[in-house]
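Following are the structures in question.
Below, chain A partners chain B and then partners chain C, in two separate complexes.
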Partner chain A sequence: MDHLFDVSLFASTLRLVTPILLAALGGAICARVGLFNVGLEGLILIGAFSAIVGNHFTGDVFASIIFAILCSVLFSMLFGYMSIHLRANVIVVGIALNFLALGLTTFSLRAIFDVKGAYYNKDMVGLPKWDIPVIKDIPWLGDVISGHSPLVYLSILLVIALHLFLFKTVTGFRLLAAGENPTAAKSLGIKVTRIQYGAVLMCGVLCGLAGSQLSLGNVTMFTEGMTSGRGFIALVATMLGQSNPIGVAASSLLFGFMDALSIRLQGFALPTHFTMMLPYVVTIAAMLFFKDKGYMQEARKANESSR
Partner chain B sequence: MLLQMNNITKSYGNVTANSNVAFSLRKGEIHALVGENGAGKTTLMRILYGMENPTSGEIRLEGKPVSFSSPEDAISHKIGMVHQHFMLFPTFTIAENIVIGREPSSGIGFDRKAAAAVTEQLGRQFGMPVDPWKKVGECSLGLQQRVEILKVLHQGAEIIILDEPTGVLTPLEVKELLIAIKGLATQGKSFILISHKLQEIMEVADRITVLRDGKVTGTVEAKDTDAEKLSRLMVGRDLVHMSRNEIPAGKPVLEAAGITIAGSKTKPLLDGVSLHVDEGEIVGIAGISGNGQSELIQAISGLMKVDTGSVKLLGQDITGEQVKAIRERGLAHIPEDRYQWGVAKDATVAENGLMGHADRHQRYGVLRGSGIRRMVGEWVSRFGIKTGSLSTKAQYLSGGNLQKLIVARELAQNTPFLIAAEPTRGVDVGAMEIIHGELLKKRDAGGAILLISSELTEILKLSDRILVMFEGRIVGELNADNATEEHISLLMAGGKAVG
Partner chain C sequence: MDKLVSFIRSMVQPLLAVIVGLAAGAIAIAVVGGSVPETYAEMWKGAFGSFYFFTNTLSRATPIILIGLGVALAFRAGFFNLGSEGQMVLGALSAALTAIYLPGPAWLKLIAALIAGIISGGIWSAFAGWLDAKYRMNLLITTLLLNYIATLFAGYIVSYPLKDRTGSAAMAQTMMIDKSVWLPKLFKGMSLHYGFIIAAVCAVLLFLFMRYTVKGYEIRMLGGNPLFASYGGVQRGKMMLLSMFVSGGFAGLAGSIEVLGTQYRYLDGALTTPGYAWSGIMATLLAGSHPLGTAIAAILLAALQTGGMGMERNTEVPLEVSNIIQAVLILFVSAKITYSFIKRRKAARS
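Up next, the complex of A and B:
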């Protein structure tokens, strides 16, 4: 067991948790304005693919992340337009976008790179690894915390930033209000639609970052459907964390750890497909703890009644 | 004049909701706006609050013409509105609910301490103290109403529109509200009060404007009129004075013995309640809501499990039976909360009417549309239900019209026993007259009715016997002939009966 729970397990946890955490924060913002975004999976996939495309054409990591964010935002605006403007059912729109993203990335992979299945090029630049001064010299802790991509650290800062935004600022307060009772918020002159679009946009940015970490941080390649359910795990993390940034971070950490553990267990002569079930078994177990917690339902109910 | 609305007309297609309406408000005045459901009161107020644009007509504030295209416009002109369905955020604190939209801030931060201070100061200034840190969802409806009023005061409102403010309040809370309104009026605030309840209006209003079918049928000083004159203006004819015929009580239809429901609190929800309702008898249950009436209804109708005690219908034990089985044995139920128990909001009027009647309108499991439409259509005309068509979704009907639909549906079950819980909540005097008439007709035909109402006048008018509930127990039984409002009120508040 010493080999199982070693430094690299925790280090890889931190790396693997980032895409889930970023997307889950995006999902949390959407949930807070009453839009249950099932399309996270598709948004991350678009982000992951466009990060590689950006990388291929510019050769610059920063530019590829910006490109990934732009593409994810564009895609999330599609979600926003259909569910806010056209008032389509959010679940249906989300699922449709997931499949659209899967098809679009697979198709574009062939159209742009002329390959099937996966694209890898040794000339591509991955995200840099940052060593944190002082911390990197602390034994054990330094190995776990230091030496990750900037996005890993950014995601942790974003948790705090989002928490402060939602619960300490006027704009955040109004966002919560718009989600909790849109009709009442409208009657007070709060621009509910604008807030909802803002939330969807934020979600797009976060999913673009999540996708970049996936295709440029963990590995430097893109494979078809490489999100493999992370968007849905992020969705569960959103619910389990009750759309509360700190809670979302905690539950994302749990899933990231399970993800890392499942990869690690493969080294212990356990069948790959068996260990790969682990994160999802935990997801199901986690769902048992999420027993219709109040406000999400309130938000959804209120949202429906305003339509 | 503080406010004048001249020649206001509002049409939706070929339906005219307001036709040449004139309305005015003096400073410090309480001006009541009354009329039946669909008479155009709410439309007129929505125009004033910027939620609708009038087709023609003008609004003048202190002599200057103004036009509002949104509620924000109205708010910035010091007009505030307390909606019939509260516009509150249940998970937010009272202070947050009051300051929302104009939050005290430091930079981009929301200063919640300042918000609490503002709220406390506001409560003190207007004599309506609240605890700023309490969550609104945990407050009673009366307190929520107070929060709504403080919110519009915080917005700087000088003119406050109250839409059916007393509909959901207990009698005590109503009294408190009316006192608060009067107090604010003496401080120079002006009120427009939309209500059905003529007694309350007579108690608090300075002037009264009556609307019927979108037209003003009269604007009168409160001191020059009375409830009877007002209802004539509202309905357009004299109301029939109903009297109960004395008929001998028959065999017991419903017998409940020692019903107890423990619940999760220290005090039981129902504590050994025994009662009987006989043929040709209306038994009224009076009490402040929340004293076990809801549980009693649910226990009898099978919606809630009884811990001990038994319920008999027509001599047969129905304790613990399925709701459907009980209904088939002869129970119909006008539920107290029409949205929770009474209708499916997304279903049509015809579909809602069909509920409970489906077995009679099917062949081989397939519904037969024409019979259904004939049945529901007949109710619509008999009860004067205002609906676009039978295919209109229930959610687009006003509360009063929905209530009429539910009453019609349950009466049509023609069962020997009927539970009528708050049968006239939110309906206007005209519809109330119809519903009361129908209930009495059912009684005269030998039906047994258990009437639960928070309106004492309704209890006194209809009941043959009156039971008073307090904290899950029946604390008094009075005969209709010698019951007085004072006596019942005393029992309702938990006081001991004297003499």
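Up next, the complex of A and C:
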């Protein structure tokens, strides 16, 4: 067991959790304004691909992250336009967006790089690894926390920032109100549509970051459908965390830990199915205890899913 | 005359969506430097060009039709069943295991396998319905979560306890089903099997059921206006369990037919990788939950996929063009659903 729960397990948890966490925060903002964003998977994929494209043409990490954010935002705006403006069913738009992202990225992989399956180029620069000055000298903690990409640290900061934004600022309260009861919010003169667009925009930015971490963080490459369900896991993390930034962070950590543990167990040739299953079982069990909040019911009414 | 007009009107939007989708595909083809008419001609040939390709398309459409029908039924009742994938996988697994391990004559095994598939898919789906009816857990989310649990569970079963250890291939799969239990092929040397007939019959039956039976009317009423339905004496919880069971049963049947007619074993990932479940949901959306329309839309989507493969064989244009066409198609069709949704909302308010 000593080998199982060593330092690198926790370090890889932190690495694996970042894309999920960033996307889940985006999903949480969307859920808070009454849009249930199933398209997270597609948005991350777009982000991951455009980060590689940006990296290939500019050779600069910062520029490629900006490019990834721009592309993801463009797509999330499409999501927003369809679901807010045209009042299309959010779930349907999300599903279509996932397919569009998968098709477009694989297609562009062929069109731009003329390769199939995966693109890798040794000239590309990955995200730098940051060593945190003081913490890196602490024996155990230093190995776990230090030496990650800036996006890992950014995601932790974003959790706190988002929490403060949602619950301590006026704009945050307006955002919550827009999701909690759009009609009441409208009667107070809050521009619900504008707030929804704002939320979708933020979600796009976060998914762009998530994608960049995915394709530039651990490995510097892009493979077809490299999100492999992470967007849906992020969606589940959003729900388990009750769309509350801190809660979302905690549930993302759980999922990331399970992910890292599964990879580790594979190394020991042990069945990984149940460890991978656990997050979903936990989420279902958690749904029993945390009853739906008002904004979720509004979201549900809007997407006519259940009743 | 009125009927004709409303029929034409209902066809306009899907046709428009198809045209927009093809236009998006044309742009993509032009971007990679292919000739648009030539590529579409290859695509057509790959899907319908010869009898062989045509039957190939139909056999790919078979699971999509069945899943689409299940989703359509749930959708009509007002429930968004995103769990077809898990239901299909469990159906496929139990059909494979029944066909392998049940003693008895071949015809009994075949029928038992199909029934086992339907029941296990149905129970998995009804479980989500039960969670919603009893604990008010959002059906959309539970069905999505149960997908993962089902596929991982099936993956575990075929990688450890019931893994095929006879062959040399170290794949996560069950043993091969005995040849006598296979669903017979419709034509010699073609991939099309009797499953397609089952799917087609199911589409017609579902259409008749929804249209002419009391239960069908109750289901439509529940989806159209839940308050009115409960006022009319429809028990929502019971109806939910029933419609979710049938909906999952269709998905389970899709999985078992795919196993008994094409794969002849449960191979981990063989049903999830082609994305049958999502295609089925898309077919339903495309047809606005009309059973016969769903079947046609499923064939259309299957044709896009097989056509895309043909296109890739013969031209330089990559297969993913058909994915782009599919996605754009759905994106535009969703505007139609919006329209009917607004109508429904108005009805609910007044």
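What we mean here is this: the second predicted complex is superposed on the first by the 271 of 307 C-alpha atoms of A that agree within 3 Å, B and C clash if a C-alpha of one lies under 4 Å from a C-alpha of the other, contacts with A are read in each partner's own complex, and residues count from 1 in each chain.
We take it that a residue touches a chain if its C-beta (ideal position, glycine included) is under 8 Å from a C-beta of that chain, and two chains touch if they have at least 3 such contacts.
Bear in mind that the values here come from a model prediction, so they are computed numbers and not experimental data.
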Touched partner set for A:189, first chain B, second chain C, both or neither: first
Dominant contact partner of chain A by residue count, chain C or chain B: C
Chain B versus chain C as contact partner of A:136, first or second or both or neither: neither
Contacts of A:88 with chain B and chain C, given as first, second, both or neither: second
First (chain B), second (chain C), both or neither touched by A:56: neither
Partner chain in contact with A:172 - chain B first, chain C second, else both or neither: first
Which of chain B and chain C A:180 touches, first, second, both or neither: first
Chain B versus chain C as contact partner of A:284, first or second or both or neither: second
Contact residues common to both interfaces of chain A (with chain B and with chain C): none
Touching residues (chain side chain B, partner chain A) in the complex: 70-72, 75, 81, 83, 86-92, 96, 100-101, 103, 105, 108-110
Partner chain B, residues of chain A touching it in the complex: 168-174, 176-177, 180-181, 183-185, 187-190, 294-295, 298
Interface residues, chain C side, partner chain A - complex: 28, 31-32, 78-80, 82, 131-132, 135-142, 144-146, 148-149, 152-153, 155-156, 159-160, 226, 236, 278, 281-282, 285, 318, 320-324, 326-328, 330-331, 333-335, 337-338, 341-342, 344
Complex contacts: residues of chain A adjacent to chain C: 36, 82, 86-89, 91-93, 95-97, 99-100, 102-104, 106-107, 110-111, 116, 229, 232, 235-236, 239, 271, 273-274, 276-277, 280-281, 283-284, 287-288, 291-292, 296, 300, 303-307
